[in-house]
Each structure stands twice: as structure tokens, then as C-alpha cells.
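Two complexes are shown next, each including subunit A; its partner changes from subunit B in the first to subunit C in the second.
Let's look at the complex of A and B:
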């Protein structure tokens, strides 16, 4: 490598290092603050585990829920939302990618319009939809674990987020389907495979990176969601409360916020996200690569 | 053989016992009562937690009375901001999932009653003589259109606080400082005397310019207390309509205009509570300020923890009523009781009210009062052995004799916002007091039409 090239590479690293440093400083503060009583910049004043006491007791006293049921709620809600998004998006994207039918372009445009809507503008109409779903026996509010798909249920919150995530999901999955060779599908059709069989046995295994990437994005969206859970559930420590709402209990308008405790809970909430990213970043980045022709 | 017979007999007795127990258990009906409260942890946790003990007591009562019903209390308590909290009640009611017992500020009584979301309690209250112990004046805050819709949970006074160390720096003697609460009570020390003292402190560099006298940094009931102080009225008792009194309004806006423009005060509007307001107050940089009795606990446990907590507060801070507007006039304060309401979706309002009756007692209420420094709501509570342990609560309870309330009217939110916007404009110098009154009259008329009376 010539000196000039080395300089160029070095310069690129320096340029990247500066913004990265700010991010790393933020994370460093988060870790340090969560284990100290007080911080002066990045300097801890007195190490303590007290900020992590939410792991074994309610930090707000006996009237408040423990963090574990809330974490379980968040996990269930995120997984339900991810499963529905991946299933529906891939089923919807396949015909949009492969078939020609009336209204195809219009449908694609409409999904984009829905994606452009800020979720806050649709909260009230969605509330009425949830009320309607709530009246359906069993589905409304009697499903174990998720409570159902009505108001103040984990399933209901997941369903609302599915609606907002689907346009993105459909477009991403369509992109992946578009990149798979027609020849493979045609061969399967000549052999007598049905459309559904082709979708399931030929195409889906070939777009695994796309499925992984969409799953991760959907999971992260649900894991960090705030506005939808706060609108459609009761209480920050209620039966359908999730982590982002629980975190708000530490932040008060009138009483001094214990930022070190907030840092600890924030870090706790971040752990699954970091783990997900560490183990799946390759798939995650492939979402921008347009998938792999012919599958993995 | 005898042994076998004996075993069979014992077995039969045990089985019989189990059947009887099972039969007895089958006979009882467990009813879940949901209680939704908003509380700053850990100080205000008794607001909801008292119901856990109340349920045990109520179940014992039900059993003794041969009532097959048993209560299981489900508490949803957190520290939401009040806007989201109130929105949540409306949405959950719409979904048919509203809590049976809902706690909120008394100003919500009118809105929720008018919307049919809560029930009137007049007839049910008679079944629980314990409610006779509630201080009579507080029922006014639970009344709307002649009916009682709620039960007081706690209340407070909003005293005028002062920094004794700063008054000493101004040359005030210990006796004069100690006599200030009485001077206010008698009407000898007025609002403008306070401003003059504040100005003196600013001129002498004891406090920064703008810090002579502070109110809360955002809109809230405190400002209405000053309007009442100048003779203002917010509600017409005959029609229940909101009232704006132009003469009182002019004096009210003139006072805040003078405070900000002439007396080195009021540089507090728009500040963040925990970022600036509390730290500046507790940091000894403001001479007079209007606060709440509940803030005493917050200051001691959070902001002044390292300086000695409550001991430091007693040494450094003094408090009294909001001084009268004129010499010899009556000082005021304002109370904003939080109240328990029963949803109209509650299937067992008698049980819900029975639970509320259990927590409206000297023990449970004093527990909450002591940990949160809210005032007691019961007659003779100052004589209760544990209530007496709190010097602050005992020393401020007399303020309830001078207290005022916000009106129970569904349109109070609009009224409050308009009158506050004018006040903020007067403090910033954007409006003169006269123009502020014109602004309020125009806005109220446009927004509320005949729902408000302009006098």
C-alpha cells in the first residue's frame, strides 16, 4: 500500500472516529453513571450497585410493579409484532413482486402513503378500531399471554404497531423477492408446484437475510416504542406496561430525576438491542444491500 | 377392625370438613375493585397502598355481616404526567375498562360528572358515617351542580415561603422574622409590603434582580389565589357559570406587572422545576416564593439532603399565608384537594365507597400526610397522636381556615389558560394591566361565549 493510500485510509478513519467518539462517550457515561452514585462528567463519585436495585425490588416502593413482568410484556409484545409483520409482509410482497394484477401499483403507492403518516395523527381512529376488535369474543380480550387484540392488551399494542410497520416491511420484502431469479420459480412451476409451495419452499429460504433484517428492525421498533403503548394501555406499571413506559417512572417534572437510576434502567433496556445487533449486524446491513441473488 | 372403623370415621370427618369448607368458599364471590392513582414515589405511595389494608378490613366486615362478597383490590399506581393520566381515564372509559376508583384533582369533578363518567355519591355517603369526619370546607371542592361526586383524599395549603437568612441580611431582627406569619395573618403585612421588601433585597444585592419574589414557573392554581386576594370571583354560585371580575382582574394584573417591572421579581416563569426552580429556591437565591406544603418534603429529602434536610429547612425557611392585598385585609391560600371518584362503569359502587371510607380515616390518612407533607382532611386530625409528630403539618393546618379552591366547572381549563397567558404577557412587559384585562375579556368571550359571566 502506497503512503498516499495509507494517508487516505488514515484520514478516513480520523473523520469517522470523531463522530464515533461522541457516541462512545455517551455509552461510556451510561455505563459509568449506572454504577455510580453521582457523576461529574465521566468521573464517577462513589461506586454503587444501588441503581440496579430495580432488578431485585421495585425502586418505587411496594405499590409499584417489579421490572421483570414489564420486561416479559415488552418481549412478548415485540415478538408478536415481529412475527405478524414478517408473516404478513412476506405474503403480501410475493404477489406484489411476482404477479400482475389490477391495482398493484395503486396498492404499493397506498402503502407508501400510510408509511408517511405520523403515527400520532392516527391514534384516535386506531383507538376506535381497537374498541371494535375488543368486542369480538376471545380475540378481543381473552387470549392468554397477550390478553387479546383490544384496548389495554399487549396484542392490541402489537397489532397497532404492525399496521405502522407493514408498509416498510412489504417494500423491503418486495425488494428481496425482486432479486430472486425467475428461473428458479419457473422450474418449480414446471414441476407442478403451487404458488404457495413455491413461496414457502423456494423463495422464503432464499430471502433469509431479508427475513432476518426485517425481524430485527421490527423487534427494535417494538422494543423501544413509547407513544403507542402509552396511548393504548393503562398505567406505566399496569398489566400491559412495557419498558419504555416503566422508565418514565424515574423521570419527574417536579422532583429531581435520579439520572443514575435512569442510566441503569436505560442500559438494561439496551442490552437485548445490543445483543441483537452484535449477532445479526450482517443481516441487518444487508437490508440496504438489496438482498442476495439466489439466496445464501 | 376398630382401628379401621376409627380411620374411616376420621376420614369421613375430614372429607366432610373439606366439603363444608369448599361449599363455604363456593358461596363467596370475589370482586375485583381496580384503583387507579397517581403518586410521586415513595412519598405519596400511601395514596394507593392504603387500599391494600382497607381491603383486608372490608373483607372482615363483609364476613361478619354475612355478605358473601369478598373484595380483591388491584392497584395501578405510577407517576404519569397528569395530562396523560387524565387522557388515559377517558380512553379507558370509552373502552369500558375504566378503573372503579379513580384519583384526580377536584377540578376534574365537573368535567367527568358532566360527561357521565363518574357517579354522584350523595345517597351512598349517608351509609358511611365516617365521612362526617371530613372537614366540611373540603366537600365544597367535591360538589358540582348541587351533588357530591367525590371524596377528598388529601389537601394542602400554598404558603408564602421566605428565606430567613436573607431577611436577616436585610437587617430584620429574629423577633421581626418570627412575627411575620402573625403580621400576615392580621393583615398588617400586605402583598405590596412583600414586594417592597423584595425590592430592597434586590437593590442591596442580597438576591439577583428578578429573584425578590417568585411564583410557580408554569400555569397552575397558585395564581388564582392572588386573583381571589384582590377580590376576584371565579364562579357564580347561582348559575354555576364561570365569572371574570374586571376590577379585581385589573388589580391582579397590576400587581404582577409591578412585581416584574418595578420590584425586581418574577424572573421565574418558564423555568424547569427540577432543573432550575427548586435548586434556586433551596440554594438561597430567592427571598419570597409561593410554594406548596407538599414541597417541604421534596426539598428536605431531595434538594437539601446534603445540607441537613428538614433541620436545615426549619433553620432557614419561614412560611405564612399569602398576604392580604390591602392593610387589615384577609390573607388567603389555595387548596387543591385530590379526590377519589367512582366510575359509572363500576358494578359495585357500594364496595368501592366502602373501601374509600376505610382509607378516609385517621390512621391511613395520617400515614399519607406524614410521608408526603400533605395536610390532613379530617376534623380533629391535629389531635391525632401521630399527626402531631409533624411540626409542619401542625403549623400549617390553620391555613385551611383561609383557604380557597379552584371552581368545579368543565370549562375551567380554558379560563385558566387564557388568564395565565395574560399574566405571562404582563410579566414579560408585552401587555399593560389594562390591555391584559381587555385580552382576557375578549378571549373568554370568544372561547366560552355565554358560559362565562364578565362583570
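Let's look at the complex of A and C:
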């Protein structure tokens, strides 16, 4: 490698390093703070495990729920939301990518508009919709695990987030379908496959990176969501509480906020996200890595 | 399976991709659709496959109109330029896919896949994924997949254009032999006139969605109907020269500044009387132009460039604005700028109308 080239590579690293350093500082503070009783900048004052107490006891007394059911809630809600988004988006994106029908362009621009729509403005009407759904027997509030799809249920919250995530999901999946050659689909048609079989047996296996990417984005959106859970459940102490709401328990007006405990819970919420990235980054990268040889 | 195409048209919006096509393909025949890209040949093929719906006109398989049939109901096999293999399936599953969809039982499926795979020389590769194969092997898998359901019609869409020259030559022979052995009616789309000439029983030349001519390779080469066909078929291409056609006494003459050629009786007899006298385009193939010493041929010209082709040399001359090529046995001795005489095999002269591009000779096919 010539000196000039090395200099260039070095320059790129320096440019990348500076902003990364600021981000890393934040994470470093998070880790240090969660294990100390107080911090002065990045300097810990007294190491302690006290901040992680929430793992084995409820830090706010018996009336409050433990973190584990709350974590379970968050996981269930995120998975339900992810599953519905991937299923609906890929089914909707296929015809939008492949077929000609009246209203196709209109539908596509409409989803784009919805994507850009500020979700906060819809909170009140959605509240009424969820209240209405809640009155439907079984579907409303009697499904085990997710509670149902009405107000103050995990399913209801997931459903609302599905609605907000779908426009993005449909566009992502459409992009992946667009990249699959027509010949492969034509070939499957001649081989005797129906449209549904082509979708399931030929196209879906070939857009695995797309499915992975959309799953990850959806999961993270749901995992970190705050405004929708806080609006459509009865709050941080309820049965349907999720991690972001649980975190709110630490910040109150009457008592001094324990920022170090907040850091610990925040770190706890971050762990699954990190794991998720570790295991899926390969398929995330393959989106950008270009096709394999002979991948058509 | 006999295929008949009647008044077939295909519009994409306002663009006419195929314009009133009429064609019949005999049972067991191997027909090539030849033309430059965008000429409508692939569109026609996809209509025969059932992927595109014709805007108007009919396609018949035997006596049956198939316009409304789905691709899977047509009993066809198709090989694509991009191979169109399913990358997530093994070679076995790729070839077996049509049988899997037909719910053929496992034992029979295995036998049939093994049989076609052996026939294509890929019997050893059944466990691999398409991504692990070379281009030529992938092409064989694609052919095997088209053959495994024992189709009544085989369709090829430029199957060899992604292969390197050597492999292309070999696959050309193999596909031709395969078609003869299996006696399956086949349609082969290509823009490569050599492929069409070497493989097909008959060639349909298309341009701008219109069928230019349809005949055996030899007919197309010897008696092209149009200027387009004359220029498209044959390599190096036919020479064209603007020239005046005149009557003098009882003979027909081709006259231009530097030359005057009397047409031989057999050609003169074919000339449509309505075009005499007028300006026409004379066409003659490079192998029918012979280089002789200056002043000894039909006319003289200056050498512009010499291109050795190995067995022969291609010598280009300049005649005013136009170029004129001659194929001559190698090695050719004569430098650039030298004046040489050119002698034409006059029986091979073809004449075209400069406005319509049609041949002005009465057809003697």
C-alpha cells in the first residue's frame, strides 16, 4: 500500500472516529453510571450494584410490577407487531411490485403520505377506535398472552404500531421484490406455479435479507416505542406496561430521580437490541453487499 | 405440436411491439426469431408462452386457440437468457420444481430428474446450489428444467448470449442435436444471425415489430426479400451500392460513374419491368467480389483497409462515400491506398428499391 493510500484510509478513519467517539462517550457514561452510586462526569463515585436491584425486587414497593413481566410484555408486543408488519407488508408489496391494476400508483403515493404523516395527530381518533374494538367480544380483550386488540392491551398497542409501520414496510418490501428478475417469476409460472406459490416458494426465500431488515427495524421500533404505549394503555403500573413506561417509574416529581438506576434500566433495555444486531448484522449487510454469483 | 400465429398484435400502451404477425411453425420444426433488440421477437415468444396476452390476433397450438390459456396449461418448457434458476434451491430441486408442482411421486421424480440431468451432463451436480455452478452449467440446469416435464414446445430466449464464445459454440451444437433427438417443436429467439443460421430449420426475421421474411437459412442468405434482411444476415455483411438501372438495346445495365455492368440474362429476367430505368441499390456479398489487377475487373477501387481473418482476408475499398468489401484467400498482398480491380460474380447480384427496401427481383424461392 502506498503512503498516499494509507494517508487516505487514515483520514477516513479519523473522520469516522470523531463523531463515533461522542456516541461512545454516551455509552461509556451509561455503563459507568449504572455501576456507581454517583458520577462526576465520567468519574464514578463509589462502585455499587444497588442500581441493578430492579432485577430481583420491585424498586417501588409491592404495588408496582416486577421488571420481568414488563420485559415479557415488551417482547410479546414487539414480536406480534413485527410478525404482522412482515406478513402484511410482503403480501401487499408483491402485487404493488408485480401487477398492474387500477389505483396502484395512487395507493403507493398514499402510503408514502401516510409514512410522512405525524402520528401524534392521530392519537385521539385511534383512542376511540381502540375503545370500540375493546367492546368486541374475544378479539377486544380476551385473547391470552396479548390481551386482545382493544384499549389497554398489548395487541391493541401492537396493532396501532403496525399501522404506523406498514407504509415504510410496504416500500421496503416492494424495493426487494422489484429487484428480483422477472424471468425467475416467468419461469415459475411456466413450471406451473400459482401466484401465491410463486410468492411463497420462489420470491420470499430470495428476499430473506429484506425480511430480516424489516423485522429488525420493526422490532426495534416496537421495543423502543413510548408515545403509543403510554397513550393506549393505562400507564406505567398497568398489566400491559412495557419497558419504556417502566423506566418512567424512576422519574417522578415527588422524589429525587435516581439517574444511576435509570441508567441501569436503560442498559437493560439495550441488551436485547445489541443481541439482535449481533445475530442479524450479516443479513443486514447483505442488503448492501450486492448479489451472490449466479444469484440472478 | 404445430403452432399457428394469426394477425398477432401486441401494444404496450401506444407502442406497437408486434404488428400483425402471421407465421406457422410445423410440428417438430426448429424456428429462430431473429432481429435486433426491441424488434418484438421476445414479446412474441412471451405471448406464445402465455406470459403476455395478445392485444389482438390468435395463437394456435394444433387446432386449439390458446390465447386464454395460462402458461402452466400450455405444456411448454422455456429457457431464459438469465437462466432464471431459483437460487435458494439445489440443482435437483430446480429441475424437479415443475414435477413437484404437478405432485409427481418422489420415486418417479427422482428418476426423471436424474435422466435429464445425465442427458445434459450435470448428473453429478444435483446437490449444488446454482450459485456454485459456472455459467455453462447453470445454462444446462435451465435446459434440464425445461425438458423434465417433457413439453410439447420448447422456447429459448437468447439462451447463449451470457456465455463466452467457445462455450456458446459448443452449446449451440448441443441444443441443435438435442432438439433433433427429442423432435420437440422449438422456437429460438436470438439477435445473433450466426446462431439462427446454424441452428434453425427456418428463420423469421423481425424488425420494428414487423415480420420481414420467413424462410430457410439458405433462402434468406441467397434471396433476401428486403434490404434489412440482406444486411442483417451474413457476416461480413452484404455490400450495398447506389446505382442506376438502365436499359440499353436488349440488355439491362447497372451504371455508375466508375462502372458499368451488364446484368446476366437470368438476373435481368427477374427484374420487375416497372423499375427500369431508376436508381436501385445493388447488393453483393463480399465472397462474390474478386480482387484482380487494376483495369482487369469490372471496375477499379482504392484499398482502404485490410483485415486478416485467418483463413481469409477482408479487404475494404472506398467507392466515393461508400465502402465495398471483398473476401479473398489469405494472405492478401496489397497495401493500403493501392488501386485494384474488382470482379463481381454477376449471377449473385441482388437489387433493391432504395425507398421501400424491398427486392426488385421477382421471387424465385
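Keep in mind that, in the parts below, the second predicted complex is superposed on the first by the 281 of 296 C-alpha atoms of A that agree within 3 Å, B and C clash if a C-alpha of one lies under 4 Å from a C-alpha of the other, contacts with A are read in each partner's own complex, and residues count from 1 in each chain.
Note that in this section contacts are C-beta pairs under 8 Å (C-beta built on N, C-alpha and C of every residue); 3 or more make two chains touch, one makes a residue touch a chain.
Quick caveat, the model's predicted, so the values are computed rather than measured.
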item	value
Subunit B versus subunit C as contact partner of A:46, first or second or both or neither	neither
If touched residues of subunit A are counted for subunit B and for subunit C, the larger one	B
Subunit B versus subunit C as contact partner of A:69, first or second or both or neither	neither
Contacts of A:134 with subunit B and subunit C, given as first, second, both or neither	first
Subunit B versus subunit C as contact partner of A:150, first or second or both or neither	first
Contacts of A:191 with subunit B and subunit C, given as first, second, both or neither	second
In the complex, subunit A residues that touch subunit B	59-64, 127, 130-131, 134, 150-152, 230-232, 234-238, 248-249, 252-257
Subunit B - residues contacting subunit A, complex	36, 39-42, 45, 48-49, 75-81, 84, 87-88, 91-92, 94-97, 99, 273-274, 278, 298, 302-303
Complex contact set, residues of subunit C against subunit A	46, 49-51, 70-72, 74, 76-78, 80-88, 97-98, 101-102, 130-133, 135, 138, 145, 149
Subunit A to subunit C touching residues, read off their complex	181, 183-184, 186-193, 197, 202, 205-206, 292-296
